[in-house]
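Have a look at these structures, which come just after this line.
Two complexes, one shared chain (chain A), two partners (chain B, chain C).
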Partner chain A sequence: MRRAAARRAAGLAAGRLARRPVVWVGAVFLGLTFGMGTLAPYLGFLFPAGTRLVYTRASFPELVASHALLTGAASLIAIAIGLAAALFATRPTGRPYAATLDRLGALAQTFPPVAVLALAVPSLGYGALPTAFALVLYGVLPVLGAGMAGLSSVPAAVLEAADGTGFSPAGRLWRIELPLAAPILLAGIRTSVTIGIGTATIGSTVGALTLGSPIIDGLSGDNPAFVLQGTVLVALFAVTVDLAIGEAQRALPQRAR
Partner chain B sequence: MIRFEGVCKSFGGARAVDEVTLDVARGSLCALVGTSGSGKSTLLRLANRLLEADEGSIRFDGADVTGIPPVELRRRMGYVIQSVGLFPHWTVERNIATVPRLLGWPSARIEQRVAELLDLVGLTPGLHARRYPDELSGGQQQRVGVARALAGEPELLLMDEPFGAVDPPTRRGLQDSLMAIQKRTGTTILLVTHDVEEAIRLGGTLAVLDQGRLLQTGTPAQVLTQPANDAVARFFGGPLLGLNRLKALRVGDRAQAGAPSPGEGVPIDSEATLEAALARMVAEGCSRLPVRRLADGSRGVLDLADLVRP
Partner chain C sequence: MRLPAGREPAPTLRTGAGLDILPLLISAFALAALLLGGFVVVAPNRLLSGTPLSLWHAAGPGGAATMLAILGAIALLAVCPAFRFQRVLIGLAAGALMVLALALAGMAASEQAAAAGRLTRVSLGAGFWTLFLAGLLLLADCAEREPRRAGKALPLLATLIGLAALLTSGRLAQLSLAREYAVRQQAYWDELVRHLELTGAGLALALVAGGAIGLMAYRRPRRAGPVFAVLNIVQTIPSLALFALLIGPITLLTGLLPGLRQLGISGIGPTPAILALGLYGLLPVARGVHAGLSAVPNTVVEAALGMGMTRRQIVHNTLIPLALPTLLQTLRLTLVQLIGLAVLAALIGAGGLGAFIFQGLGQTAADLVLLGALSAIALALLADTALRGLTLFLVRRPAQ
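Moving on, here comes the complex of A and B:
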């Protein structure tokens, strides 16, 4: 009896887990990453006869890993820079520069990514490096903007009380300001990372190995199958990460939201 | 406990605090009163070094505050502000535990202290401890604010218009609680208010400020019977000063010895304010009240004429 109840409870928990979009979208993403090679030969009916169906320059797990590494590294750098700049802009010494920083960040985002790549190649060479540079440039603004908005959303009374009760500046930042800024900050990180995953595909025009590689190769080689395969995986990747960060936002302490 | 000596503070050329010398004795309550812009909040924030004095010295328990690191100084002083500033992401108990945690108390002692304080400020541990600030009324939030300020067993409690944002009945309840707390804990309190009634009601010492200058210090009765100058008189009601004086004086200050004649109704307590006595005379249509001193049970009478006696 009790065992049956436990099994039912476990089943319910599993059911609840499976109902979360991040779980099943993530499962589809992983499934297609590893199964695309097997699935591709059966997709011939979708494309003009004679289309090559199996992408051979790299395996899809390889492409996903390379794509993830590139966007992951670039996002971490962008988050670090954006957060550091937001912290600086909301401290007494940096407050005069807040508007300038905000504008600089906005300016960085007005450059078209392809132009950034073209300009970066002469100094950084071909491959992942110019792509990472462009991604960092693009990723900083959402984090900077959200960081500044989040940190300045902490009520003045709360800050005064924190100072008055004897928090050190670092203690105040860590225990009061960052937890209260977290929801807005995390929203900015979500935007930054999701944009980064999409934008990274363009890196394949300068030789970075990403999920953009089959897309670019497909476009130049007139092969819609490669374009579709790359596009579907990039989209699933971006949606999975977006949903995962969404879960993290929901997991924040209730009142900080 | 805290002594200001020749303290000056300017903001952009304007003197906010001008040569203030004020001594707050250990265990006493001192109310800094004055209109907005009189420098009272500035003076308070100089005490815990949220602001630094330009001139003069501030001594806390004998030591110059500039020799104590601000963070340490503030943990030794409670601080309560009008907008409360509870940490919204923390429960009531976590908010109250702020300073003990910063001081690194063992958790059993913190737990006990939080329960003690909830009780002291009139909240129920079982009912309120786990709530978040936004689930409390304004009055309850300020009670938590006071508890948080007292948690680290501070030697001095600084309060900046602590009850300015709550409705009058709640304010009176909080004032009563504060007086009871002070009686129980003996904490020295330096409080800022622009509310004349609050200043008189809390008793203690009044320090009247105007344009950064300290105009007069004294008990409410002293200040209201002998205001040092026009500015003080104006602050305490101008033409209505006399009515506020009735709030500052007690029945015992004016009652005369002697047995009341029979049939004069319920005696009034000698600790009641003259305002309360006048209110009863008006309500009962009489000009004499029997008086009873609670301390020794002795009796007396209060005549309407006693109220206006200089």
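Moving on, here comes the complex of A and C:
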């Protein structure tokens, strides 16, 4: 009987999972990624006659992989830098610099990402490198902001209690502060990754191979089919990743408790 | 709670007192850049890359000495015990640093052009940019920390006037950036105005629609969740995709309703750009209005009701004044974001400052890219500063 209950619970969990938007949006995204090449020749009725329908510079799985790799690597670096800076700014030695870091971030956010991307080209050349630079730069800011906000949102009473119970500074950070800051921190990471996917898309204007490439090629070559294929895939990609991190956020409080 | 582009309102931080480290750090950094990096770069023509020239060689001993004197003054002011005009003086020195750096670069360009002929291009080097950015950071820092309004405004205004005087004096005419501007003067102003028009129209759209959504979410909290979830998805879509995504439907619409085309609406050009900018502004505006109104304590509204105020009076005399700091902050962040995003409008044929950036990227003409990118950055910084000033003018305590 207990096994039946467990099975029912598992079935319920699976049913609940299937109803989560991330699952079906992700499924549509993956389906289109691998199916776009097959589907494209049949889309002729949507566009003016004579439009080339199949994007040939790279296959869509290749574009997705390149986009994901660029965004993923840059996001990891950005999260590491942002988190390290936030940790520094909330420790006793770094606290005097917290306000400065905060102001620096606010100023940097005033700079338009496309402008920074374009300014990186003369020194870094065309391609993935300037894109990665802009990605890391803009990815750090939300993580830094959220990290500082999250770590300083831990009530002083909790910290004192941890000190009183004999936690070492590292233990306190790892077992008390980071878990309590995690929801805010993860929200910052979510913003950071979303911005990263968007900036990587623009990166194709400076020659990086991403899902923005068919959009840019389509816009400059007057080919609406490429534009549509690129926009739909990159929008689905961004929404899928955003929803996936949202799921992680939702799962978090139970683990932190 | 997620604002676009990570623009959460600045969290209040537990900061300890300590030595004012930023001016020291920046002047040390600027000094290093001065000694190591090229102040200007001299190239034989527009497309070839050039050789860096240090400040000492570019500006002569006099210019270098003046620059060092200003850096020394900043460091000295920073280690001084606090006094009344400390921040204002550091701010003024930072402004002087920026103006002097630009003037020296302009002079160096004139000398090089006179010596090596018309084709020579003198562009600004890494050393210049480090100095200029250091000045900008210091200026922003001083404006932020100085408590008095006049003290905040004075260094900023002095720097702006100095830079404007320098730009109009013609002393910079031989810098490659100025020459890039000189050959397309008319186009530059056209695109600048176009950029402002696109941003303004997008902002107006976002304010009207986003304001209505925010108000609705405030009045009917139960509907707020789903509405913000939908707006969140719009915000998640990469900006380039949103711009391009609107071309198709609008083209289709003008195909079905030819009357629209006579109104000047078409799938390529300003219509999708303005629509995309408006859509991007929806979430920040709606969330800002909602947050601003929700932050007004219920007891205040009840007290106003108890005093016999009408609905209209409550909105005008209670809700709006109390929500004003948040509303103005929302306006500032949205405007700055839209100015940056409007750069992309050039990709869908709508023009704006992005036109120079993408043209320059296509021709590998770094100075043309610089012209567009720097103008966009300057525009965003000016809008940010102006709205911060307006906020200070209108409210005693700006939103935190």
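Here is the rule we use: the second predicted complex is superposed on the first by the 239 of 257 C-alpha atoms of A that agree within 3 Å, B and C clash if a C-alpha of one lies under 4 Å from a C-alpha of the other, contacts with A are read in each partner's own complex, and residues count from 1 in each chain.
In this text, a contact is a pair of C-beta atoms (placed from the backbone, for glycine too) under 8 Å apart; a residue touches a chain by one contact, two chains touch by 3 or more.
Note that the coordinates shown come from a computational prediction; the quantities given were computed from them, not determined experimentally.
Model built by superposing both complexes on chain A: chain B and chain C fit together without a clash. Angle at chain A (Cα centre) between the Cα centres of chain B and chain C in the superposed arrangement: 90°, in steps of 10.
Of the two partner chains placed by superposition, A:Leu185 touches none, neither chain B nor chain C. Once the two complexes are overlaid on the shared chain, A:Thr165 sits against chain B while remaining clear of chain C.
Residue contacts after overlaying the shared chain place A:Ala74 against neither chain B nor chain C.
Of the two partner chains, chain B is the only one that A:Ala157 touches; chain C does not reach it.
In the superposed model, A:Val64 makes contact with neither chain B nor chain C. When the shared chain is aligned, no partner comes close enough to touch A:Ala208: not chain B, not chain C. Measured by the number of chain A residues touched, the leading partner among chain B and chain C is C.
Of the two partner chains placed by the overlay, neither chain B nor chain C lies in contact with A:Val136. Of all Cα pairs linking chain B with chain C in the superposition, the shortest spans 12 Å.
Taken together, the two complexes place no residue of chain A in contact with both chain B and chain C. Residues 155-168, 171, 176, 179-180, 253-256 of chain A touch chain B in their complex. The residues of chain C lying in touch with chain A in their complex are 1-8, 10-19, 21-22, 126, 136-137, 140-141, 144, 232-233, 235-242, 244-245, 247-248, 251, 336, 339-341, 343-344, 347-348, 354, 357-358, 360-361, 366, 369-370, 372-374, 376-377, 380-381, 384. If you check the complex, the residues on chain A that touch chain C are 89-90, 92, 95-100, 102-104, 106-107, 109-116, 118-119, 121-123, 138, 141-142, 145-146, 148-149, 152-153, 187-188, 190-192, 194-195, 197-198, 201-202, 205-206, 212, 215-216, 218-219, 224, 227-228, 230-232, 234-235, 238-239, 242.
Every residue of chain B that touches chain A in the complex is listed here, in rising order: 48, 50, 71-75, 79, 81, 83-90, 98-99, 102, 132-134, 145, 148-149, 152, 158.
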